[in-house]
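First the structure, in the form of structure tokens, and then the observations on it.
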Amino acid sequence: MPLAAIISKPQKPELAGILRELVSWLESHGYQYIFDPDSAAYLAGAVGIERPDLPKHKPDLVIVLGGDGTLLAAARAFARTVTPILSVNLGSLGFLTEIPLGDLYVTLQDWCDHRADVEVRSMMHAELRRDGKLLHQWDALNDVVVAKGTIARMADFMVEIDEQLVAKFRADGIIVATPTGSTAYNLAANGPIVMPNVNAMLVTPICPHLLTLRPIVVPGDSSVSIHIEGVPNQTYLTVDGQEAVELMLGDIVHCCRSHYSVRLLRHTPNGVFNVLRSKLKWGER
Amino acid sequence: MPLAAIISKPQKPELAGILRELVSWLESHGYQYIFDPDSAAYLAGAVGIERPDLPKHKPDLVIVLGGDGTLLAAARAFARTVTPILSVNLGSLGFLTEIPLGDLYVTLQDWCDHRADVEVRSMMHAELRRDGKLLHQWDALNDVVVAKGTIARMADFMVEIDEQLVAKFRADGIIVATPTGSTAYNLAANGPIVMPNVNAMLVTPICPHLLTLRPIVVPGDSSVSIHIEGVPNQTYLTVDGQEAVELMLGDIVHCCRSHYSVRLLRHTPNGVFNVLRSKLKWGER
Amino acid sequence: MPLAAIISKPQKPELAGILRELVSWLESHGYQYIFDPDSAAYLAGAVGIERPDLPKHKPDLVIVLGGDGTLLAAARAFARTVTPILSVNLGSLGFLTEIPLGDLYVTLQDWCDHRADVEVRSMMHAELRRDGKLLHQWDALNDVVVAKGTIARMADFMVEIDEQLVAKFRADGIIVATPTGSTAYNLAANGPIVMPNVNAMLVTPICPHLLTLRPIVVPGDSSVSIHIEGVPNQTYLTVDGQEAVELMLGDIVHCCRSHYSVRLLRHTPNGVFNVLRSKLKWGER
Amino acid sequence: MPLAAIISKPQKPELAGILRELVSWLESHGYQYIFDPDSAAYLAGAVGIERPDLPKHKPDLVIVLGGDGTLLAAARAFARTVTPILSVNLGSLGFLTEIPLGDLYVTLQDWCDHRADVEVRSMMHAELRRDGKLLHQWDALNDVVVAKGTIARMADFMVEIDEQLVAKFRADGIIVATPTGSTAYNLAANGPIVMPNVNAMLVTPICPHLLTLRPIVVPGDSSVSIHIEGVPNQTYLTVDGQEAVELMLGDIVHCCRSHYSVRLLRHTPNGVFNVLRSKLKWGER
């Protein structure tokens, strides 16, 4: 009997009805299901399983109900599996989650019938090293950001790509992004759009003091190292805009391609430019 | 007997010798002098007066030994006076402080002889209002920056100019700058260079999510109001890159022209483009 | 008996009906009227007067039916008069022409009743000097652009502001814009928005090879000189996007504030940010 | 007996001596040599062979004496061969030609000894189609640029990537660049730096009227089609900044990866970031 794991965005009252309907559809189609705590909170009597523990139940499918943020959290939780994710976008169209609520059941049916498209998106692996030791590691779908906190002063960074010095510079921060993350924070920092199927990573400085510094597109199998050389104030590392760790002088953040990737289910074949035209108001067909 | 107030950058060992020489020049030319604590620390037996208290002694001249940061602090301390400032740049050329150490004594002599050029730079007045009450106020020579802290998530702002709505938007922050401040943080945030004698203020978004938002140049007598509408994390107000206050949801930051301005002494007439060509490496004559 | 001069955009079939109605309104309100040739072409039997000759008839009001381009042409024709212009926008909203067709008659009636708002917009004066002689001169409402033609190679320019060297550089071209023109070509070249009531001019490089070069805002009474130092291919001077002259090595283009300005009639007081929010999709109120 | 083809930049008087020395080195090392007409012009009695005819003589090595422009021309002439190119940079350091004159003979000796590094750079193939027919085709090392001529008005373009609509928009032009070309015109148009070993092409709009349009990085095996939908004035296609063809309404420019590539000889292993740091003044090690 196939098992679906359901992950929801908190504080969306309309999700109570959506979840009851979804549960009823799954039951009538011979599915079992488990919930994360945020989903369980919408349903009387339901018991939630912490997100990091969901993969242990080896679900066949993850259903995400929310927006880009909920999907990013789900993607990190399931990074080390090959479980496909069906992500439904409840709010304004995101760059990542292209299935509107109205397509939920046709896409589920496609999945049952082995007809659903699966789009594989590369992830990035990031490690924080302090005093020569590995302190933390993550897998990110969008980006790893090193940026100054509080006071409007810049930090000093030294960037190496494949162990070659790129530059030492002063900036608000640096974004290391996957192609998927090129339309997230990177876009606000004046970085280019990178199509998801380009084998590359993106290194984009945030407000660099050095005006000739530019976003750099590097091969997907490069290693990017950011050395924290000056921290006038708190400087933080953030993963997919959600997890933050304070950095210290001498820390090194090392980014490379992840061994893992995310499998996104789609009802219709990928139309990355349709999403861009709509989100960025490039005009209609 | 004329009085000079001396303000120094801390932790510059070479200042001990420079200060001894300066004191001897002042004595031999009939000047009295007072020190800030950072200057006093370089000279055995000298007693410093806190920077905010220096203006009470009504000096005829302020001598600043340091870089742009030291000058910004001195400018704020003397904002409410008409005392001219002779600023000597000890490090790499700054945008603000154009007198190299080698020109210190000729410029002092020019000042004695009433031949020194005085360049007047406009300041900006900023007020922080919370729950309808005035909480803080400042006069800034460069800029007032409202920006998110810590985690790499954006804050929500609403900007009004002369009580007309400009836009509500999500961004890392907003810079409100004087023409003098246009070559400071504003430049890193992709804002234009504004010549010091343009009667204007500059409103520059930092990494706005809304890609069509642009730096806006407004008349010098405008009022610019920034309403803090969403603060996912700490958001801070910073004045001239030096003083910081944490902001809360609903806070309003109000900027307008200051009643005060800064008088900078120069040896040679102002050459703003000479400084720009040198600092921004626009090539030599 | 008051006289109205009517200037129309060519090849807009709907203008035949609009013009018949307008003529009938003017007659019934005691107005005389004259046409430019493009307007006359829509009306059987009407005789047009060349646009440059219209001011000789000393009209009390100019009515423009078209878009930003038609208004720019009308503004240049009437630059040396104080005749107000009522400009109706027939197409997609322009940055300049804020009166929609539906407001034509209320605005005309306001004008009859001396209740219409008049907004004065500064113009720029440009001179082309070759071999020390004045070859051409223009008054522009938006901008003067010096830019390379044909082949994708850059030209060499030297820019002086108030006879001080700014920089020598290689670029596709240079835009010198009024505040009004800041939302025209300047915006595409990454220049800032300058509010119409700022007393300033804008010098914006187009795709400069020198990456640290930035748009520069200069005082409204500055003089800006562009020296053509290298022309690998045809380089052209364009005024308000409409008149073009080929430039030669050694030519100097000199820009300063015009003695003339344009008076635009409005039905409602100016709402420059309303136009920006709508045109640039900054979101609704 | 190995054969070297020599290609020189015209009008560089110092080349007369350099060429005499080079010829003498080649003779003493058992090489034959042929000249392009620009090289021959420096040597009394030498006969030049037109650049497009040089490959027919099947040289074993091409020696280029000049700058980036001379190398681009040589690369196009030898695109359909596997002949390596040794390019000596005589002027200011270019992004492409990293061998200074002082390294000419060590690199030639390395080549004789089969010890020289060869760096392979991808080329792009471009086709111009008019009325359904192939009119011209080129192989480019840097970029293919479609851009408006003369008057400062924008053209209308429609861009498709892999037969999917990207956007219809108004702009000064569009650059389609290889990673090698990312540091050429693309950089001035605000595009990102793409490392030469990324398998990608770059589509960068030049001064787009649509402010949300951004440079787009697409996979190296994509096809990019530019449809010319509006041409207010002459619009030109330029290949590597050197060859130009006038475009007409309805023309389609089609770009994809070339079957050919360029082999550049190096004395020391590639140091792309060393070149960037030096050219873009990112500061020294």
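Going by the order they are written in, the chains are A, B, C and D; count residues from 1 in each one.
As a convention for this text, contacts are C-beta pairs under 8 Å (C-beta built on N, C-alpha and C of every residue); 3 or more make two chains touch, one makes a residue touch a chain.
Which chain is which protein? Per UniProt: A, B, C, D = NAD kinase.
Note that the coordinates shown come from a computational prediction; the quantities given were computed from them, not determined experimentally.
Homomeric contact subunit C (NAD kinase)/subunit D (NAD kinase): same residue numbering on both sides for over half of the interface positions. For the pairs B-D and A-D, the count of C-beta pairs in contact is higher at A-D. Separation between the centroids of subunit A (NAD kinase) and subunit D (NAD kinase), computed from CA atoms only, is 38 Å.
Spacing of subunit B (NAD kinase) relative to subunit D (NAD kinase), judged by their CA centroids, is 47 angstrom.
Spacing of subunit C (NAD kinase) relative to subunit D (NAD kinase), judged by their CA centroids, is 40 angstrom.
Residue positions 187, 190, 211-212, 214, 280-281 of subunit B (NAD kinase) are each in touch with at least two other chains.
If you draw each protein chain as a dot and join the dots that touch, every dot ends up joined to every other dot.
Considering their complex, residues 145, 147, 149-154, 171-173, 185, 187-190, 206-209, 211, 234, 236, 238, 241-242, 244, 280 of subunit B (NAD kinase) touch subunit A (NAD kinase). Interface residues of subunit A (NAD kinase), counted against subunit D (NAD kinase) in their complex, comprise 161, 164-169, 179, 182, 187, 190-195, 197-200, 202, 210, 212-219, 222, 271, 273, 276-277, 280-283, 285.
Those residues of subunit C (NAD kinase) whose C-beta lies close enough to touch subunit A (NAD kinase) in the complex are 211-212, 214, 281.
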